[in-house]
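As structure tokens, the structure follows; a few thoughts come after it.
First chain written, first letter: the chains are A, B, C, D and E, and each begins at residue 1.
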Amino acid sequence: MKKKGLLLTIMVLLTLALLAAGCGGEKDSKDTAASGSGGGDTIKIGFLGATTGDQADFGSKTLAGMKMAAEDLNKEGGVLGKKIEIVEEDHGSKLSEGVNVVQKLINRDKVVAIVGDPTTGITKAVAPIAESSHVVLLSAGAVGANVVNTEDGKLREYVYRNTLLDAVAAPAVVKYLAEELGWKKVAIVTTKDLDYSVGLTKIFKKALADNGIEVVTEETIMDKDRNFAATVTAIKPHQPDGIVFTGYYTAGGLFMKEVKKQGLDINMVGGDGLLGSTLWEMGGEAVNGSMVYCGFEADPSMAQGKTKDFIERYSEANNGEMPNMFVAQGYDAVMMLADAIKAANSDDPVKFKEEIKKLKNWQGVSGTITIRENHEPLKSPVYLLEVVEGENGQQFKVKAAIPVEG
Amino acid sequence: MSAFLESILDPYYIQVLTLLGVYIIAALGLNLITGVTGMFSFGHAAYFAVGAYGAAILTVKYQFPFYGALLAGGIMAALAAVIIGFPALRLTGDYLGIVTLGFGEIIRVVFLNLDITGGALGLAGIAKESSIVLVYTLVLVTIYVMYALQNSRFGRALVAIREDDIAAEAMGINISAYKIKAFAIGCFFAGVAGALYAHLLLFLNPTDFGFAKSFEFLCFVVLGGLGSIPGVILGTSVLTLAPEFLRSLSDYRMLIYGALMVLMMIFRPNGLLGGVDLQRLVFKNKYKSQAGRSTAAGG
Amino acid sequence: MLLEVNNLHVSYGAIRALAGISFTLNKGEIVALIGANGAGKSTTLCTISGLIKPAQGSIMFKNMDLVKMPPHKIVNLGISQVPEGRRVFPDMTVLENLEMGAYTRKNRSEIKESLKNVFQRFPRLEERKHQLAGTLSGGEQQMLAMGRALMSKPEVMLLDEPSMGLAPMLVKEIFEIIKDINRSGTTILLVEQNAHMALSIAHRAYVLETGEIALSGRAEELANNEQVRKAYLGED
Amino acid sequence: MDMSALLELQNVTIRFGGLTAVDGVDMKIDRGTIRALIGPNGAGKSTIFNIVTGIYSPTAGRVLFNGQEITGLPPHVITKKGIARTFQNIRLFGKMTVLDNVKIGQHCRSSCDFLSAVTGFFNPKVKKEEKEIEERSLEALELMELADKRYEYAQSLSYGEQRRLEIARALATKPSLLLLDEPAAGMNPQEKQTLMKMIRKIQDMGLTIFLVEHDMKFVMNLSDRIAVLDYGRKIAAGSPEEVQKNPDVIAAYLGKDVD
Amino acid sequence: MFEQQIINGLTLGAVYALIALGYTMVYGIIQLINFAHGEIYMIGAFVGVMMVTILGQGFFVSIIAAMMVCMILGVLLERVAYRPLRKSTRLAALISAIGASIFLQNAMMLWKGPQPVGFPQVINDAIYHIGSVEVTKVQLIILATSAVLMAILNYIVKYVKIGKAMRAASQDYDTASLMGININRVISFTFAIGSALAAAGGVLVGIYFNTVEPLMGVMAGLKAFCAAVLGGIGSIPGAVLGGIFLGVAETIGIAAGFSTYKDAIAFSLLIIVLLFKPTGLLGKPIQRKV
């Protein structure tokens, strides 16, 4: 009986603490919201993404980049004399919560812009809300179709993104594969439960056909698969020159491990979903020679200027961990917004969104960005990176910088 | 009405509350199946998904009027329930539970692989039709239907099946027919809720309808109190709003959510309102003098 | 006095199964509890063995109150129950069932000794010691259940409806064995619907009616009691 | 075919795995009579009840009711044809009220569909039928002297009351044949007396009664005819006097020295 | 080719079987679907990784350590989340299990992040040829370890006192306590054994797939539970059979080109088997008790 009483007390206390915390949080946001909307001393930028759940890594990394940018800006006195404040919310990769988060950021926290979501699905789902609420939504990761425009092709005025678009990069890379590396036959591996991968496969297939590369076999896997023995066995008899892998790095690394294990001496090429040290943490030596494209010079030996400085500062602050694409794009997203606000001399989204449209050859840590007529970003050049054995273990090395044009 | 609400509530509240309404409709459907009739169903999200995708495909790809699609979503879910129910309802207890769970997963995998659902790319371009007023009107309709059902001869037969299926059969109740009917009606409401969900969130993705969602529905019902309509509404509200309340805990919120589930079960094993008969509580005297028609709330 | 049950109340939810019964068991006795179905006989046994917790009352055994003890401790004290309907472990062999009976004992040679005794008393069990208990006939299962209880070397044996569902001839045999077990020093509390048989071997008996003790006394007195003859011996 | 028999079992046999629980039993129960089935536990008495009410399907043999074959029909159909039962180990709907338990008994005599359920609060037809159900249920409860407990939960009744409620619930199905499985079990002598009177009253209403019971006094007093079962076989049948004197019965069941 | 896939299937099946055993034993005694069992498997895998990366231990020490840690965890889990609900409805315990599962997943994600963690190579890539079939050393070790663990379990359940008590309790809970068996201790022991096997499964899978992650227990747990039901829940040989059956069927399904339907294969099989044999392959038929 005693035990039960104790547990009960603990539970009641816990609940009270939660409620108190909940109310406290509300109060905070209300206070600042009041001052914020009245042209107070902060500019609020919301973060939309998952910091819990199995896709939390994208969200957490984007958030880390955003915070770093906010710090950098605030150190120099903020924007228009106001501090940048990042309001962070987690949706655990649940669509319904993502919508709740956006509503909360806009209506309770009164943010002027939202950075996120790193994935296409949720960005697409919340884009109409941002549009109708006149709040800028800048995705630092969504690469799929119908983000900055609606399904029927209408341009959204408040929705932008700063990522390298696969539709731009993949054809350039395929051209390189055909012309420089002489690939003639490839196998495509699609991660069927990832919208990113399904979309990228479509783009690759068109580009391959345009460049006269034959797709000898198409295989599908699931992102959570960890055992690719059967799939690789199926590819083996086709003897392709290489593998186009459109999924994420965990599966990619493990897939290559199996490829090499089964004695196939070929490499894979893929999009920025493969960009991360996880690739060799999973694949080991098997990923040496694998190629990844991105708009970001993630090669510390080659990186220059802003990017070099960014990489150094980030890894210093994070026990030597290299920033990945999401960190860089999260950082750039906040910086882009800041520049637009400065240019408009106003933190009113109605005004500064016009300045985002005008960004041309904007130098970010994740590459050079131009916002085109169709609101889509153009990053040039596209870096084709290769995994090589470096001084401190495996790393990405720039194999080619392919210029692209809109 | 909607305009009025929007003027006094901010869209965040409206969004959260509307979603809560949608979940209440689905949870009340599950309550009829599990709470009233005593059949385990660990795959409720599948019927929710059938309704969501069914209705969304009709409005997006075939330009169906929304209300027609709403009804069609419910009917498709009920049909799916009948198809799986005929063979599966012979099983009882955990076996029925695991088969429904398996069916739920199969539906999700099928939706992921079909072209018409958009697969992993999801289904977008759905028009916003589910207003808070519409959703809560339907919540009221659902509550009324459930209340009327539970207090009818039909509901009495279902409770009898839950309490003792052999005795119920011996009293002349065709238990398989009733089980199928209850299952279909419960899933109909899941389907309607799904259709509302689709036209509220405007984007569908198969990963949102896995067994985690099914268990979420089950938790709404069990935590509120099996068989108790107010209990289910309370349970759904607590569990839907808890993650919103727990936001301030950021990364710890799902951890605490899990712990709360364990603690709530330990201290209220019959659910928050399980074993509390509100009718008896409120109408204590009246109940004694008047012919009562309530069947007991289960526990 | 070996076992003293005092003012025992047991309820299942709203249903009252025992409404304050008291009785005693002396060393070396066979005491029978007789009464109709649902009168509370089995409930009484299960409360003594700890499976059911009473709402009120005490069960004193060797100056200890059993009410607060879990069943496995009660077995350790020397009280062993042969449950209603035998309840042998059907998917274990006869030998394993008997070993389970000796679960609380540590001394291997003593256990072996008890096993020998049980096999002596029930030769049929030895013949079938590697057979699964579920395949035994009703009578054999009853013997196994009793043998299993004896394996814990109990001071008190609680027997719940040993004659239930057995052919009359077997019933006689079982009751002979009960008498024999008692003679070798085990005190027995017997619950039985077959009042006739129960009264024929018991020293004393209590008559239970809807959770209360209606009558008690020496067995032969009760067997001749008008009321008992009418109600429980099927006579006019 | 003998049309005077309400229920007829022809060579009914059922096996579970290797065990023959009921072995070639023939039986005829005449209209308006009280028939008892006795025998040791495990003799197959309840199994016969389960076969008659359709819970088990016999391995061989036929069951005729009103001259119509009902072998293997599902229980709810058999109930509708007019056979009702009680259970050896009480099977009430514990979390329903006493009144609702009896109302369930009327289920097969009333109409009930989704539409009438949903419109129940304002549909006069449904309301009227519900009222009739309630009236009939109260009649059955009054007969079993339980009317004043109608709003209590079934699980809160005493053992004897629960047994009577089972009978009331069975009566509510409007049966012509009532199967009682150990109705007096767990009752004290006075309760048994009352029950006997009630059963007689039920017989006077024109029902045929088929019962399994261990209490010999109860059986001998009440029954018109008795059949004795041992190891699944019928070893004797006849009037109470005949059965009591039958040497096989004495040896197998009653024991030799019942004086 | 076919034989090759059978070997792949057997390896996967052996792991499913190890996890399924825990489900089946717990279910056998307290009729609880321990949904947090998959998380125990996941934690076992993480302990294995940490033993190798942080403490630099080899395969053998790592797997033993993982088993020990999970034993304690399993017992704790039962104490905290299930024991207070022993007398409550089945669904209440089930919800508690789901809550515990969410808690453990998120605890691990908070600690180690949601990202997969690579399992360092502790066993070399050697390949053995048996006839036309290639077997990797890892596969052999998985098969051998599973076989040894199952043999030990079999020995415990058949010949060791507490193992026999476990069987007795699963056949008749009350009567077992009348034998002087401390039911609580038997249940704790069951959780300990089941959790240890799951942990071993986790380490083996980590080595086989070269990676571990906080959500790895979700699908694996569900599938192992399917395996247990498929074989006949409560039956120890049933769990082994169900696990192997599922592993082989799934591998053949992938080989036949249904990789994206992989998760549906397991559940479809389960449904088909249950429709024809409602208590699973080796389950005992339930007789309607009236």
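Worth pointing out:
Going forward, a residue touches a chain if its C-beta (ideal position, glycine included) is under 8 Å from a C-beta of that chain, and two chains touch if they have at least 3 such contacts.
Note that the coordinates shown come from a computational prediction; the quantities given were computed from them, not determined experimentally.
Chains that touch both chain B and chain C: D, E.
Ranked by separation of Cα centres from chain E, the top chain is D. If you average the Cα atoms of chain B and of chain E, the two centres end up 31 Å apart.
Computed centre separation for the pair chain A/chain D is 72 angstrom, with centres defined by C-alpha atoms.
Each chain gets one centre point, the mean of its Cα atoms, and the points for chain C and chain E are 41 Å apart.
Chain D has residues 55, 87, 153 in contact with two or more other chains. Counting partner chains per residue, chain A has residues 52-53, 192-193 touching two or more of them. Of all residues in chain C, none touches 2 or more other chains. Taken together, the chain B residues at the contact with chain D in this complex read 145, 148-149, 151-157, 159-160, 163-164, 166-175, 181, 185, 287-288, 291-299. By the touch criterion stated above, chain E contacts chain B in their complex at residues 31, 33, 80-81, 84-85, 88-96, 98-107, 110, 222, 225-226, 229, 233, 260-261, 263-264, 266-268, 270-271, 274-275, 278-279, 288, 290. Per the touch definition, chain C reaches chain E in the complex via residues 49-51, 70-72, 75-76, 80-81, 83, 87, 89-92, 96, 99-101, 103-104, 148, 152. Those residues of chain B lying in contact with chain A across their complex are 10-12, 14-16, 19, 112-113, 119-122, 124-125, 128, 197, 201-203, 205-208, 243-251, 253-254, 256, 260, 263, 266-267. Per the touch definition, chain E reaches chain A in the complex via residues 1, 4-5, 8, 12, 106, 109, 113-118, 121, 125, 136, 205, 208-211, 213-216, 219, 251, 254-255, 257, 259-260, 262-263.
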